[in-house]
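Below, subunit A partners subunit B and then partners subunit C, in two separate complexes.
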Partner chain A sequence: MIGRPVDRVDGRIKVTGAAPYAADTKIPGVTCGYLVTSTIGRGRLTGMDTAAALASPGVLAVYTPFNPLKLFAYVQEQNDERFPPLQDTEIRFFGQAIGFVVAETWEQARDAAGLVTATYDQQPPVTEFPGRTLQAFEEVEEVVGTQTVGDITFTASYTTPFQHHCAMEPHATVATWNGDHLTVYTVSQGALLVQRRLSETLGVDAAKIHVLSPHVGGGFGGKWGNWAQVPLACAASRALGRPVKAVLTREQVFAMAGHRPRTKQTLAMTCTEDGKLTSIVNDGVTSRGLGGNWSESVANWTLTTYASPNLRVTKTVVPLNLGAATVMRAPGEANGSFALESAMDELAAQLGVDPVELRLRNYATLVPNTGKPWSGKHLDECYRLGAEEFGWSKRPKQVRATADGDWLVGTGMATATYGASRGQASIKVRLHPDGTASVSGTAADLGTGQYTVFAILAADELGIPVTRVRPDLGDSTSPAAANAGGSNSTCTNGPAVQVAAKAVQTELITLATTNPRSPFYGKEVSYRDGSVSSGGLTMSFGTLLTTCDVGGVEAVGTSPRLVDPEHGFRSFGAHFCEVRVHRLTGEPRVTRWLSVCDAGTIVNAKAARSQIQGAVVMGIGQALLEATEVDVSARFTNANLASYLVPVHADIPRIDVRFLDHSDPVISGLGAKGIGELGIVGVAGAIANAVHHATGVRVRDLPITLDKLL
Partner chain B sequence: MDFLRPETLAEALEIKAERPDAVPIAGGTDVMVELNYDHRRPAALLDLTRIPELQQWEDGLRVGAGVPYVRIIDELGAQLPGLAMASRTVGSPQIRNRGTVGGNLGAASPAGDTHPVLLASDAVIEVASVRGTRMIPAAEFYLGVKRNALEPDELIVAVHLTPAKGPQQFSKVGTRNAMVIAVCSFAISLFPQENRVGAAVGSAAPTPRRAPEAEEFLASALDFKNPKPLLDSVKREFGELVSRAASPIDDVRGSAAYRKHALAVMARRTLGWAWQELLAKKNGSEERPCA
Partner chain C sequence: MRVNVTVNGEQRQADDVWEGESLLFMLRERLGLPGSKNACEQGECGSCTVYLDNVPVCACLVAAGQAQDRSVRTVEGLAEGDQLDPVQEAFVEAGAVQCGFCTPGLVVQAHDLLDRVPNPSDPEIREALAGNLCRCTGYEKILDAVRLAASRR
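Entry: the complex of A and B
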């Protein structure tokens, strides 16, 4: 069953609208909260006038830093905001939460929020990148070897803009209290992330906080953190004794719910005349929004991609008056690979070597910065299969060599790699008298296909059809499983599902042999394909449970964290693409795509293909369209989906995805590594390389827009 | 905010006379965006969707201001090919189901997709108030960025267009393939019987505007009676004159220099398509190139 294409088990309820998302939660008497946000980028609040808002119809309360809801300081370092909202008067960014209006209806709350006025002691916000900064640069370095001398030298700088996740579902939280127990329906990449943060800031025992996040309308990293609406809805609900719902507007999502930071990488590479790298230096610069702590280690992808005896990367952080920068699909790798994969293409051209050949000549058979062996690596096979299937050998060596009417045609390729690991996860499998099995863990499905992964693996281990397995995700009362982030879900949760599905068979056998009502009482039995057998008698577990009048048997299985200091773990892939650029208008269009992936065992061929395709689409956006602009007041100016352009259907060609069939037995018995982020890594580089091949124009500054190609 | 729902045009005009601050709303594809972003909070909305006169088109052609793009594409594609081409590039199917040419005119954004076609095709805008009806040529309709020639008590009732007397073309450059505001756009209409050319640019000046020098040059350079293959020099000069008619700015969608360049390209390209169509027709072929 593992590896076959399986339809999403949650597909039907999603397309019919039956799947409950956080904002759909209907609780009698629910009130609505609306955030008031700062209209300056830096300074201090000196006063707020809430009288008109409080007098407005339906308004129940207006909270501000001058009349706050008590929230304790955040303790754990996270990718979201540094400080809980409304606890101080400092303005760190434009669009920061400075007020929370709660009213009977959403319209009343929004209307009243518009009546709140604020006065500020204003300072000029810092938005230049790189440029003057509020505090000293922080430098982090990793150095391997010290030589940076070779026969051939190549140096170039690459820059990437602010980007936003743009998940379709905006951030929504509904909170309700029953005595001192809190129930929260919220968007999250992991129910436990919410529970932990709320326990800290509300001062409530985590055991009394029940988080439900069964369906999430896209996350991409933007729902890893808990943004201002989460603690405010919960604290306001406690203060008012009423349920509170708070949903960010799209503009608020852009301003306060995280973004991919701006980056600059300066790469200096040396190599021998035959193209063997002798050193790579990558000086990375990343912005950090002062709303948060997080920044990208943008140069670090250079440490693990190509063999080189000398490697040196640095990280310089530029704090800016913006909301928190946060993780966004392949944080570090998406931008990092754009620079290194572009540079490899440029170096190949300088040497007169084919770009695939240059990558093979610098193939890292050991982890470049540690010298450890890989748990499994078949990237060379990705290159070879991809090149063959794509027809790479027919590629003209010269740039601007192919035209089709007014369109210049070029092809490009790039490497994709993303780190893999296996954390600890616990999963519960329960067998029911109706013949179904449920599988539960605190994991999240953001549209990734995790529900179906649970169903497939449990069905496979129990020997029953997928349709008889009911996965339950996104509930904090379930056993602690992996959050959806870092491409970690399937590689961590998958083995735990297998352990639990095995363990429940033991529980079932115990029941069968010890329950006096059981026809197998006192006998020697075995379990196979959903049934217990002994001698000539076989009985399905549903019938057995019914016969014994037992409501179910269950087991929790735990798969421990993998501690393996001996190996390096990564998923690998290669992208090949064709791009057409209009000779006269410079419009770039991606017209052909092939991705070959080596990511260990693939559990669901269909959803896995979708996930890589989705990542390539996102990468096409990164390469050609997406950039958030910041004006002098430190406001994101194009903070909506009409002005922040993501790809539309008409921009996307057929995307061919192949998976190599190599399980990774070192990472787990299941052998699965992650694929959530892998697909976007290298996409922008492959496109930049194809654009160069088509036109002869090298763009080192994303996005590659038409005016850069004339 | 009052929501006013007249059933007839006469009723709508009376309301507009009494409440000149009422903002007309038809498809809502512009107005609702502005309301949702709180860019404006009008005292009243005047819903025009119940007025039958605005939803019809009559031979001639008089196209009601409330006819959505999807109907222009489906029902008027043969008679108004230029307008249909521009309509196809508007937003998404959902937007084309709702949005109207009347709304495009009411918003008067320099980037509105239909404006260059209306200018190049000599459209006349019929506006009305309780004081009577005015016919405003498209070339006199656009006064400034998002400003048009309507008086506060007037409503846009219809657009008058003659069925195409010759080839028409429209071209638009965007940063993605659909659902995008034009970086710049261009429309051309040929009037072979009158030895005349209409040409207009969009998203390349404070208002959509005609390119009169380019029109005159082309009318004198082309031989409509005995059409021969176009000379490159004619295409180049035409493109240059169209480009010169624009006064674009730099913005996030594109630079002024890019817009000037792209307009020249689009002018040459659409002229080539239109002329090819004319030649094909003369040679008895019905084949038409598409945009």
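Entry: the complex of A and C
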């Protein structure tokens, strides 16, 4: 079963509209909360007039910093807001929550929110990047060796804009209290992240907070943190004694629910005449939104990609009057790889060496910054297979060498790598009298296919069809499993599912041999393919449980965190693409794509392919379309899905994906590494390289829009 | 105001509908049909696509009152009992569903495309579905699904 293409187990409820997302939650008597947000980017609130809102039909309460719901300070860093909403009057960014209106209906709450007015003591917001800053600070991230000067030198700077996750589902939370127990239906990349956050800010024992997040409409990092609507809905519900539902508008999602920071990388490389790198220096600059703490270690990808005796990366953080910057698909790597993969292409051109060849000459057989061996690395095979399948050898050496009518045609390639790790996870497997098995853990399925991974692995271990496994995710009362982030869900949870599915067989055997109603009472038995047998007698576990009149047997299995200081762990891949640029309009279009991935064991070929394709397409957006603009008032001006361009059907060519499927036995018995983020790493670099090959124009500033190609 | 509307073949009535309310809101909040999704509320993403008298519309852009005495078909009304529509089946089989938030709108839009153009070319599919954003799948599998459904209808 493992590695075969399996239909998603949550497919049917999703194509019929039956899958419940947070905003679909129906609770009798539910009220609606709507956020009032700041209309300046920096300063202090001096007053708010809520009288008209309070007098508006259906309004139950209006909370503001002058009439706040008490929330305790956040303790844990969750890559989200630094301060709980409405607890102070400082304005850190445009679109910050300054009020929460609760009314009987959504329309009433929204209408009343429009009646709230605020006065400010305003200061000019800081938005230039890099440039005039409030408190820029530099830290040296890591130095290996001393910087030397080789025969050849290359230096260039690369910049990337603000970007947004744009998961299709806007952030939504529904909260309801029963005495001192809170139940929260919310969007999240991990139910336990919500539980912990709410426990600290509400001052409530985590055991009394039940978080449910069974289906999440995409995350990409934007639902790792808990944004203002989460604590406000819960606190307002407690204060009013009524359930409260709060959904962010798309514009609010843009303003307050995290973004990819702006970055600049200055790369300086030296190499010998035959193209062996002797040093790489990458000085990275990243913005940080003052709404949060998080910033990107954008230069760090340089530490682990190519062999070089000397490596130095730095990080300078530029705080800006914006909402929190946060993790977005391959944080650090997506932007970091754009610079290094572009630079490698530029260096290859300077040396007159083929770009694939240059990468092979600098192949890192050991982890470049630690000198440790890799747990498993088949990147060279990705390059070779990709080059062969793509027809790379036919590529003209010269730029601007191929035209097809009015279209200039070019090809480019890039390396992808993303860190792998295995955390601790516990999973429960329960066998039921109806012959089904349920598998539960607090894990989240954001569309990644985690439900199906649970079903496949449990079915495989129990020897029953996938259709008889019922995975149960996104419930904080389940055993603690991995949150969906850092591409380590399958790698972490997968082995735990296997352990639990084994352990439950032991429980079943104990029942079979010790329950007086069991036909196997006192006998030697074995378990195989969903049945217990002894001598000539075989009985399915469902029948056995029914015969014994037992409601089920269960076991919790825990797979420990992998602590292995001896190895470096990463997934690898190589992208190859063809880009066409219109000779007259400069319009760039990606017309062909191949990604070859080395991500360990692939559990579900169907879902894995889609994950890589989706990541590549997000990378095409990053390369050609996506940028959030900020005006002088510190407002994201294109905060909607019409002006913030994400790729659509008509923008995308066929995306070919190959998996090498070499198991990585060092990371786990299952041998799976991550695939959620790997696919986006290197995409923008490959496209920039192909654009250069097509046109001779090197664009070092994303996105590569037509104005830069004219 | 009161709105009388046929939804998925059933005569339905919604009371106390506010004049500014959208068809999407009425379906989701008053008529118990949360299948159609609200992702932008301003006609930019297609997640809320439903049939209004057999024409696909963004339900977030249609006022609830405009549906008076008309017929609406949502994603919940495509299957016949337990039997999925071929488009729905193809979406599951082709792996065209990830997070599923775009899916209800896409399924309706693809359903309409195949009603009008039984064997669409790839450019026709890409064009017809260009107004339905999906942030997860990369679109490839959605194309596969539409081709698969076309081959079966």
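Points to keep in mind about this one:
Quick note on the criterion: the second predicted complex is superposed on the first by the 707 of 710 C-alpha atoms of A that agree within 3 Å, B and C clash if a C-alpha of one lies under 4 Å from a C-alpha of the other, contacts with A are read in each partner's own complex, and residues count from 1 in each chain.
Note that a residue touches a chain if its C-beta (ideal position, glycine included) is under 8 Å from a C-beta of that chain, and two chains touch if they have at least 3 such contacts.
These numbers were taken from a predicted model, which means no experiment stands behind them.
Within the superposed three-chain model, A:G614 lies in touch with subunit C and out of touch with subunit B [touch as defined at top].
In the superposition on chain A, A:L584 makes contact with subunit B only, not with subunit C. By the document's definition of touching, neither partner reaches A:F454: not subunit B, not subunit C.
In the superposition on chain A, A:E629 makes contact with subunit B only, while subunit C stays out of contact range.
Of the two partner chains placed by the overlay, subunit B and subunit C both lie in contact with A:H649.
The partner of subunit A that touches more of its residues, comparing subunit B with subunit C, is C. Of the two partner chains placed by the overlay, only subunit B lies in contact with A:D707; subunit C stays clear of it. Contact with neither subunit B nor subunit C is seen for A:Y158 once the two complexes are overlaid on the shared chain. With both structures placed on the common chain, the touch criterion links A:W374 to neither subunit B nor subunit C.
When the two complexes are overlaid on their common chain A, residue A:Y306 makes contact with neither subunit B nor subunit C. Contacts of subunit A with subunit B, set against its contacts with subunit C after fitting on chain A, overlap at residues 640, 642, 647-650. Against subunit A, in their complex, subunit B makes its touches with residues 33, 37-38, 173, 175-181, 183, 252, 254-255, 257-258, 261-262, 265-266, 269. Residues of subunit C that touch subunit A in their complex: 18, 20-21, 25, 28-29, 32-42, 44-45, 47, 74-76, 78-79, 84, 88-89, 91-93, 95, 97-104, 107, 125-127, 129-143.
Per the touch definition, subunit A reaches subunit B in the complex via residues 114, 251, 584-587, 589, 624-625, 629, 637-638, 640, 642-643, 645, 647-651, 705-707, 710.
On subunit A, the positions that touch subunit C within their shared complex are 5, 7-8, 10-12, 14-21, 23-24, 26, 106-107, 165-170, 215-218, 220, 247, 249-250, 446-449, 606-607, 609-618, 640-642, 646-650, 652, 654-655.
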